[in-house]
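Chain IDs A, B and C follow the sequence of writing; residue 1 opens each chain.
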Amino acid sequence: MKTFKKGGVHPPEKKTTNNCPVVEMPVPDELRIMLSQCIGVPAKPIVKPGDSVACGQMIAEAGGFVSAPVHSPVNGTVKKIEPTRTPQGIWQDSIVIETDKENPVSFPTPRSDGEVNDLSPDDIISIVGDCGIVGLGGATFPTRVKLSVPKGKTAEFVLINGAECEPCLTCDDALMRRDADKIVKGTLLIMKATGAKAGMIGIEENKPEAIKSMSDAAGKYSNLDVVTLKKKYPQGGEKQLIYAITGRTVPAGSLPIETGCIVDNVATAYAVYDAVYNRRPLTERILTVTGPEVPNPGNFLVKNGTSLLEIMKFAGGVPEDTGKIIAGGPMMGRAVSSLESSATKGLSGLVVLPESTSLRKPEGPCIRCGRCVSVCPMGLEPYLLMLQADVKRWDDMSQSGVLNCLECGCCTYSCPANRPLLDMIKLGKQELRKIK
Amino acid sequence: MIIGISILVLGVIGVIAAIILFIAAKRFYVYEDPKIGEIEELLPGANCGGCGFSGCHAFAVECASAKSMDGLVCTGVNSEGMKKIADIVGLTPVANQRKVAIIKCSASCENRDPRNHYDGVRSCAIEASLYQGESDCIYGCLGCGDCVAACPFGAMQLNEGEELPHVDLDKCTGCGKCVEACPRNLCELSPIYSDRPIVWVACANRDRGPVAMKECGVACIGCTKCRKVCPNEAPDIKSFIAHIDQEKCISCGECIKACPRHTIKSTADPISAD
Amino acid sequence: MNKLTISLSPHIHSGGSINRCMWNVVIAMMPALAVALWTFGLPALWVTLVSVTSCLLAEWVITKYMFHRPSTLANGSALITGILLAFNLPSILPWWMVVIGAIVAIGIGKMSFGGLGCNIWNPALVGRVFLLLSFPAAMTTWPSGVESGYDAATGASQQADASSGATLLTHLNNGETSFADYNFLDMAIGQMNGSLGEVGGLAILIGLLYLLITKTITWHIPVSVIASAAFFSWVLGGNPVLDIFAGGLLLGAVFMATDYVTSPMTHKGQLVFGFMIGCITIIIRRFGAYPEGMSFAILLMNSFVPLINRYCKPAIFGEKERRKMA
């Protein structure tokens, strides 16, 4: 079974929701749609308070090259454009839409297979761009930019990331079990858009049902392959996945296209399918709400802009014993400081940790056991980087290759002295970015 | 006999080593202006960079070769010290407008209601990159003391239970290290005046009044009362926050009395120029 | 709902801790300790108790009255140093020498560098070598009456046994016996003379197995030490099996060279480190004045750890490809 070579850890899976089907969450009365939903420039609103908007209508256009437009997930009226707190509590502009529950949502007529076949690669890319599709694995990089293969490079493989190596999260698993056919069609569209000859879907061994349904769906196409991967974190990291599936190594500091690979998440492939076949922009996504104390954990289909509190209520309410809520998985997700904020395209889950497990244990001295070095998937020396960050030697950190760090957290996870290695490494990266 | 040989051998080795050392000293001799050393003696040696050069030595080198003292001011020495330095190089010293750091946040622990609990390295830079901070105010002091750690003169301190830095105005030289260190840009260098204390608005919250009021007990809400009572119209309100124009301020203290949020602060006395 | 906790990712932890690592080592040392007690009897127990108590006391006094820090006894590192020091001493060493060794081990070997994680040399070995150099006679006087590991093959060594006791390696070093005169089984189960911990070869291997199963250490250091010692022993015309089981080689390879703090960080570095320890040990045994070379070899290589760390860096993923591209 394939996997990546260097480093990695095996955190307990805790995928308690892996058998939950996708449940559609009822549309809330009010949606607060953030304007900044992807890496890059925030979108620019093109509606005014008082405007009535239809489901799927663009309400904010891309603000620059690396940016994606935002669409209304519902029929309704724009109430106001005002700042809303992000899950991290920072104020950012958002469009507040009051849902109009009287008017039923009418969906556009889907494109037929023939129509889709007639689309040129550029057509597909522009549809993907217009529909506001971003990488749904969590990085939220605009997919339009990713699919536009730079001049002089060729895409050989499209790798679809169904590894879902993060503990607790099962949203990709649920999607693969439900919509394998559509993911496969989305993959073929991405291949067509980029000119890649073959597509490979990497799934970790702990999702047998997803592997089966995806294999069945992909079996019809000779240029598609489902690759079963050994369970190891961070398998879903772009460079790790490329190595695991193709055995190629992305040069340090380069993009995956250097090895002829384009990596997209399964949810992104699904969104591409939805956009091209059904003419529906990206306005909703599946996210996992889980945690030992959550009354009704599950995989929910949630409209973009739904408040996090509503989502928690749908899962049975915020448990009494809540110490920490994580947006995303427990290894790379970010802690939520305010539930007033709303769901964005990049939110793959809400993990609620009880108080007893939410606090870090006291930090001890480094005993130089070398575990951080042996688990680092990028071959860095986290203990050394932390020492350098402690004395603010940013240049030395750069020399030690800190910018290669993918912030997977394996070092902090495995440190027996509970040292905040990743905290200091992130600080170093931040300072280096400032210097540049 | 053996002793004689030993002495002889060691003596010869000693002489050879001395010759090598002599040649090396001549061969690799680097001339350094003796003035540089003299100037460096007078400098604080904190390498704070407040002068704009990479450290005290670089400043001394610059002074020694300078044609005029324009722009050459060490924030760490008083005017008498600058005069001595100028004397060494035979130039006239430029008047040193002394500056001190002021903190544009006054939210000690009881004023900012912690909504969450930060668990990680005590570093403002990390906390600021992570999220809003422990209170609801996304502009205010995080209380981890990056500025305190950055101060080369030991002029800043965090008081127990308050988590807000205080500047010891006697020790502060206005080098600007804290300004660089603060991720929220709450440290500001303010010129001092011999005849009056500094009065400033100790807040940086740019949220609208009602929001700011909820977020912090001592946040400026942009109510303009300070401007109304000021005889000189020194406070200027922009994006819901007042800023006192030091050129116009006469330190009458009316605004301090009028501020409903107790946000405006003043130093106790005029600060001496040295 | 309580106040939410905010921290940087990752939000979960493997659960490993310094305490767990250290206590695993303590458990792994128990079989060897049992063999020592069986072979040497009550005196061995006294030496161990004195050594452990003095180490713990020294650490407690220094952390409390010199460092003014909370006690670090619970992490078990001082306990390990205590047991390891005892393992390196003959069972009939006067108690006050043990105390001196313990104070040197903790005070100079560890605390003078700043405590756990900061020391350059293995503290127990610093203590042992200090004693060896200060009290050479006492440190090489072994209890008489204990089988010396080779079946009374020559009269000369029988005499030596009767007077002061001697280890197999002493005999070898003096050229009093040949490699043929040993009984492998006796050596492996502890029926030979020597320091407390080095007599039970099999027991040490059981400890190694435990350390490997609990993933406290990796195989790199012990295997490379043993392999390189065996190799050099063979090259220099010795008997590899004898060199491995006699003396403190196994003890050093399993419990002392693998000390986290004083061994290299990367697997590559650990292999170099282990290889050099094996090599130096055999060189000292064959050509040096001391019959035993393990402690010096480990201390010597401990000093090289920063250098090894510097040159045996892990390869950054994709760095080779980047160079090729440029």
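Here, a contact is a pair of C-beta atoms (placed from the backbone, for glycine too) under 8 Å apart; a residue touches a chain by one contact, two chains touch by 3 or more.
If you're wondering where the values come from, they're calculated on a predicted model, not measured in any experiment.
**Q** Measuring from CA centroids, which chain ends up nearest the centre of the complete protein set?
**A** A
**Q** Identify the chain pair with more contacting C-beta pairs: B-C or A-C.
**A** A-C
**Q** Name the chain whose C-alpha centroid is farthest from the C-alpha centroid of subunit A.
**A** Taking each chain's C-alpha mean as its centre, the farthest from subunit A is C.
**Q** Which whole number of Å gives the spacing of the CA centres of subunit A and subunit B?
**A** Chain centres of subunit A and subunit B, defined by C-alpha means, are spaced 42 Å apart.
**Q** Let me have the rounded angstrom distance from the C-alpha centre of subunit B over to the C-alpha centre of subunit C, please.
**A** Each chain reduced to its C-alpha mean, subunit B and subunit C end up 52 Å apart.
**Q** Starting from the mean Cα coordinates of subunit A and subunit C, work out the distance between those two points in Å.
**A** Between these chains, centre-to-centre, one finds 49 Å.
**Q** If a residue has to touch 2 or more other chains to count, which residues of subunit C qualify?
**A** Within subunit C, the residues that touch at least two other chains are 4-8.
**Q** Which subunit A residues touch at least two other chains?
**A** In subunit A, residues 334-335, 337, 358-360, 420, 423, 426 touch at least two other chains, as defined above.
**Q** Hunt down the residues of subunit B that sit against at least two other chains at once, touch-wise.
**A** 115-116, 119-120, 126, 130-131
**Q** Show which residues of subunit C lie in contact with subunit B when the two form their complex.
**A** These residues of subunit C touch subunit B: 3-8.
**Q** Any idea which subunit B residues touch subunit A in the complex?
**A** Touch list, subunit B to subunit A: 115-116, 119-121, 123, 125-126, 129-133, 136, 138, 207.
**Q** Where on subunit A does subunit C make contact in their complex?
**A** It comes out as residues 6, 9, 11, 167, 239, 249-254, 258, 318, 320, 322-326, 330-337, 351, 353, 355, 357-361, 364-371, 373-374, 376-381, 383, 401, 404, 407, 409-410, 412-418, 420, 422-423, 426.
**Q** Can you check the complex and tell me which residues of subunit C touch subunit A?
**A** 1-2, 4-14, 16-18, 20-21, 75, 115-118, 218, 260-261, 263-267, 270, 313-322, 324-325
**Q** For subunit A, which residues count as touching subunit B in their complex?
**A** 85, 88-91, 334-335, 337-338, 358-360, 420, 423-424, 426-427, 430-431
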